[in-house]
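Each of the next two complexes has chain A plus one other chain: chain B in the first, chain C in the second.
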Partner chain A sequence: MAILRVIHLQIIAILLCGLNCAQGQKQAAPEYQVKAVFLFNFAQFVEWPPSAFSETNDIIIGVLGENPFGNFLGETVRGEEVNGHPLKVQHYAKIEEIKACHILFINLTEALEIKHAITNLKPKHTLTVSDVDGFTAQGGMIRFFNEDKKTRMRINLPATKDAELKISSKLLRLAEIVSSKKQQ
Partner chain B sequence: MKTSTSIQRKLMRMIALTSGAALMLTCASYFVYEFFTFRQAMISQLTILGEAISTNSTAALAFQNSDDAAETLTALKSDKHIVAACLYDKEGTLFAKYPSALPNSIFPRVPQEESFHFENTHLAGFQNVIQNGKRLGTLYLRSDIGAMYERFQLYAVIAILVIGFSFLLSYLLSKRLQQRISKPILALAKTARDISKNDDYSVRVVKLDDDEVGVLTEAINQMLTRIEEQTEEILSLNQGLEQKIIDRTSELQAANKELESFSYSVSHDLRAPLRSIHSYINILSEEYGEKLDNEARRLIAIVTSNSKKMGQLIDDLLAFSRLGRRELLRTPLNMNSLVSSVWEDQIRLQERSNVKLSSADLPNAVGDSAAITQVWTNLISNALKYSRHKECSMVDIGHFQKEDMTVYFVRDNGAGFDMKYYDKLFGVFQRLHSAKEFEGTGVGLAIVQRIVTRHGGTVWAESKVNEGTTFYFSLQNKSVSD
Partner chain C sequence: MNSFYTRPFKPTCLVLFLTVQMFALVAIPVFGQKSNDSTTLKLKKLSIEELLNVEVTSVSMRPEKLSEVASAIQVISGEDIHRSGVTRLPEAFRLVSNLQMEQVNSHDWAITARGFNGLPSTGGILANKLLVMVDGRSVYNPLFGGVFWDVQNVMLEDLDRLEVVSGPGSTLWGANAVNGVINVVSKSAKETQGLVATTSSGSFLQNITQARYGFHIDSSLFIRVYGQRFDQRSTVLENGKNGKDAWSMNQGGFRLDYYASKKNTLTFQGDLYDGASNDSTAHANTNGQNLLAHFVRKISDRSNLSIKAYYDRTWRKTPSSATPFAYQLNTYDIDIQHRFPIKQNHSVLWGVAYRFQKDQTTAALYPPQKNMPLYSGFIQDEIAVVPEVIKFTVGSKFLNNVFTGFEFQPSARFAWTPSKSNTWWAAVSRAVRIPTRFDSDVTLTSKFNSEKVLAYEAGYRVRPVEELSLSFSTFYNKYSSLRSIDTAAGTTQGIVVANSQRAESWGFEFSGNYQATRWWHLRGGFTYFDKNISPTSPKVLPLSGPFEGVDPKNIFMFQSVMDLKEHWQLDLTGRYVDALRGVPPGYPIVPSYFTFDARIAWNFNSLEFSCVGQNLWADQHTEVGLSRIPRTIYGKVTWRF
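Right after this comes the complex of A and B.
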């Protein structure tokens, strides 16, 4: 039912956006709606080590920087849980604020800022996601990019291994893999 | 209904039918079992295949990668019976299909409930694609049921082979096994046939087994023994009877001969004293007739007439008994001339003039001339005698054929007799009329009957009082040895 409600909301959101995009930051672009769902789906195809849940039982999806999803991400994960872990959305302004986070969408544009964020991220087992060019080269784990008007992914496999995250082979099959540190 | 089929064939047919029916039933039940289990197996196979595909396409659905989903689906080509497959995303729109060349219209527009079911020529159904308890989409699979037909074809071939082989085996087995039952029965039947054909009750059936047929064989053998004993008994009884008959006959013949010779000698010896009585009465009437009065002469006349009558009686008796003693001399006889000479004699003897004879042309016969002349004489004289009171004696003589005999008859229009006294007609000294009315001794017809019987024929008569009598006698066409 929750899924159906999400679908419903998605459709409504798309319609509303199509009719009137001037409603402000609360409305997400279609591209980000897809990305929001992808973020949610990562929770299903990524396995965290048990220690990742020492602070909290929730799977926390964090957004660093400006929120491009409006409240769509929140709606998407509301009431959902994966393997007994309820999903929650957190918004962060600074990297230092983050105590426990499992999936972190980094919405920063400056390369230095990104570098700073990655190196100063406190939780060890956080899947970092962004759609900025060169994200994986800077040590980010998953980068969204567009191809034939579709959202594709590039995954920095060594970085995920360093973070002790197990990414499902099914997900890996769909993505471009960056496997050596040199390629970064 | 009676059938002429041998017990051998019946037994074999029985065995073949029984085993055939059992086989058919077995094969049919296996077939039904196969049908249902194979359908079940097909469904579970398809379900397993669907689960494998589903599991592999979760990420593709989750991250909206239809190319990857299509690639996953192409793995289905390893199963040649999967004719179509597709994935719907969780909104229910077609996401990926297999084979990719198929038009979208082939697939159901929207996914339906999770289940597989048989359509006319296909097995098809839906399966949810689930990851961590979340439905990500729906998989549709369609398989042709060629596999099932292939399986059934194979099954039919095997069934036909098994049935055929079993029939052959049961035929060969029954051919050998039925002999144990049919052989003693057939032997029994053959013996029974031989017995009734040859009337040979000394034959015994060989007992082959101690079963019911063995008991039957024993019973038949016992019956045969009994029949043989009884037949012997009857035969010996018959022989005794025959011997008895021969003995009695010869005794009777001896007694008869004795009686005949006695009556002959009696009548012969009676003639001498009678002749003497006759001569002395003659002397008495001639020598002393004038000295006697009328009354004495009347008495002498009565004695004379009675002694004459007695002489006639003795003559007739002698003639009758001579008939039994004399050998018959058979010669061809011209019946026409015989009848006409007898007729002439009788007319003269009885001094008759008011008579009329109508005689047909009579066929010749074979017999003793004197004896047959006697027959004609007695019958014609009777006809004339008993019709003499009529205005005109009408005598009709003729013949007809009856089987292999020629029947001669003499018909008159005389006094006739009452048929209720017919039994006495041919008896010796038996008379149906008084001597006053018609004279005679009552020996004539007895003589006729005796002669005709000795010639192998029969005599009979038909009569009506006052209307006349017809006497018939038959003679064999050919001469027979007496």
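Right after this comes the complex of A and C.
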């Protein structure tokens, strides 16, 4: 009986897939839907120095490495602007491609790759974000992690200050703060 | 486990897990059915705090715990408290619409749920049917069953939330939870890392200065320490004279959280305080210390174990008063709770506790020193009759106390959740208020029994759209053996504290939360309350009724929290409270009042400057008793690093 039921459910699942799979392939896991909205929120809680907009007036949210957001990030920022800066999404395969970027989500897993990305990032005022372990210790600025099934943030304050980024106290209050280089 | 609605297991987890397994078999994306657009819109409307609370494994996008609870619970976040501009813990209860809160003078408050704020000659501080816990430490006293609110101070910056249940919570919580339970929950040391320093100064609030520093030894051991000092000025009396009730307090403390493993966590925390307060005739000193240890072991998703132990000492003295009064209370408490499942649809929670309290007083209580051991146990079964749709919870508390011996407090709760945005609930509970020293030991001949209540409640929670949540509850309570003061011919005192009154009370509570835009949210609530107290013996003195409660009929509150452009915040809270009813002749009449508070703040990097006006509507107003609460304005600087 139990086996029959599983098969039955599988058939339903396949039928559902038939209707939805075309777009379904590009859909993000809910975890990344939430993270995409966080990236969008960061654009409003972070202040860049004027020189960050010398290349372009847009606020560019970049994704380095494999794209975990599907088309969700693009839809989240579509038509949005912050203080007169329209939001745009860019995808990068290599760190060297990046000319102007305000928020960079780094989706790399190898510690060496991450180190390489952070040290070779050309724009000076980029908020770096990732969800890999030890990201803030490597010099990254905001790391997502999960606790009790919810998203949490750790912010590396010295690194954001080095990049001349001002992070709203509201965001800081909701995050874990790494405030000295020792603690990283 | 200090909040019964944050239980770790939710049937959704299992269902979700099975769903994921099933979909994984055919290798298609799990969440493919929902259109991206609507999810984007919904998520984008959430404030950043709400976004942090979205369970990423389900994206349910609702504060799911609250909507599943079969009780009239209201939860106020630390952020809303921060934004209201209140300066001390008791003031924060103004934000909770199912509480009745009256400021007596500069340092005393009368706080109760569902009525029974009693009126002794000095003002309404004899509320005795509320259980109040600060991080799991019970702070109501066995002297008169109320709380010394002047010494209940927490650093509001580190406060996570206030959970307020109106209605009996006695099955889970204990002996004084007759009309309600307040849980004050502070953030963990892990959530309060770094330095925060604030200082405020103003007209009624003279000064409050606080500092907290949170740090960690490694990734599993987090510590914070804090210290604060405040000075509060005097209220004004009816005749325009200075109320001479200025007070000040120093307090410090720590919290340590050790995440020994994924399953085991250990918390130590403690506070010490020392204060000086005045009233019109006397100068009072207060002093106290507490230390708490709490171990939690997560055995599985559906099972956990909690062991908590604490020590608390509180002392006060009014040396220069006409009736000198000194009181010391020592409390030792150990509490063990265990939750485990039986089959798929039962979740059993049981616990045992032992509390030993010992007091000493110069008040005319016999004996002047008393040992008060309290043994208690409870068992509760939560039965998922139809998983996720119909839930039935039954249980009882059993306790043995020094005043009346054995007592039991059963309850039955039922919740029907026809869809994720709707919950109907109903409950019947029996609760007792075990006697206090005041009831049993003031008159020599008294044989005071427990007060009993049989409470019937029902409610409805709904979330018609993602941005709006509403809660409605209604109740009918029947009290028996209610306290009275009877004439007693032939005794030296001529009176005796007895149980010769009964009462019934009824009313409803309505509250709502509305996220109007991503930068503006509104909260509000309305409570209607009425009661009838009647004597059951001709010996009952006429003052006995008002002594148990002079309560307003209607209470209304609202809060508006706005994030404006360029780092500005603008916040408003307002409240209306009806006149106190049943005030006997010769006592000050307290008319209805409306007043509001406003806060404007500007954030610049790690600094926050704010200006707060409190009780702005009128020069001064009376909430209970003789003192008038003045309009006040203060400025505050906060530095977070």
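To be clear about the criterion, the second predicted complex is superposed on the first by the 159 of 184 C-alpha atoms of A that agree within 3 Å, B and C clash if a C-alpha of one lies under 4 Å from a C-alpha of the other, contacts with A are read in each partner's own complex, and residues count from 1 in each chain.
The rule is simple: a residue touches a chain if its C-beta (ideal position, glycine included) is under 8 Å from a C-beta of that chain, and two chains touch if they have at least 3 such contacts.
This one's a predicted model, so the numbers in the text were calculated from it and none came from an experiment.
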On the A-aligned overlay, A:Asn57 touches which partner chain: chain B = first, chain C = second, or both, or neither? neither
First (chain B), second (chain C), both or neither: which does A:Phe72 touch? second
Request  = Identify the partner contact of A:Val82: answer first if only chain B is touched, second if only chain C is, both if each is, neither if none is.
outcome  = first
Of the two partners chain B and chain C, more of chain A gets touched by chain C
**Message:** Contacts for A:Val34 in the overlay, against chain B (first) and chain C (second): which applies, first, second, both or neither?
**Reply:** both
- In the superposed arrangement, does A:Thr109 touch chain B (first), chain C (second), both or neither? neither
Q) With the two structures laid over each other on chain A, which partner does A:Leu174 touch: chain B (first), chain C (second), both, or neither? A) both
Contact-wise, after the overlay, does A:Thr119 reach chain B, chain C, both or neither (first, second, both, neither)? neither
Where chain B and chain C land on the same part of chain A: residues 34, 38, 41, 45, 150-151, 153, 168, 170-171, 173-174
So, in the complex, the side of chain A touching chain C is made of residues 6, 9-10, 13-14, 16-17, 20-21, 23-25, 27, 29-31, 33-34, 37-38, 40-41, 45, 70-72, 75-76, 146, 149-153, 166, 168-174, 176-177, 179, 183
Within the complex, chain A is touched by chain C residues 22-23, 25-26, 28-33, 36-37, 39-40, 43-44, 46, 48-49, 51-59, 190-191, 193-195, 216, 563, 567, 603, 605-608, 640-641
Listed in rising order, the residues of chain A that touch chain B in the complex are 3, 7, 34, 38, 41, 44-45, 82-83, 150-151, 153, 168, 170-171, 173-174
Seen from chain B, its contact residues with chain A in the complex are 56, 58-60, 62-65, 68, 90-91, 131-132, 134-135
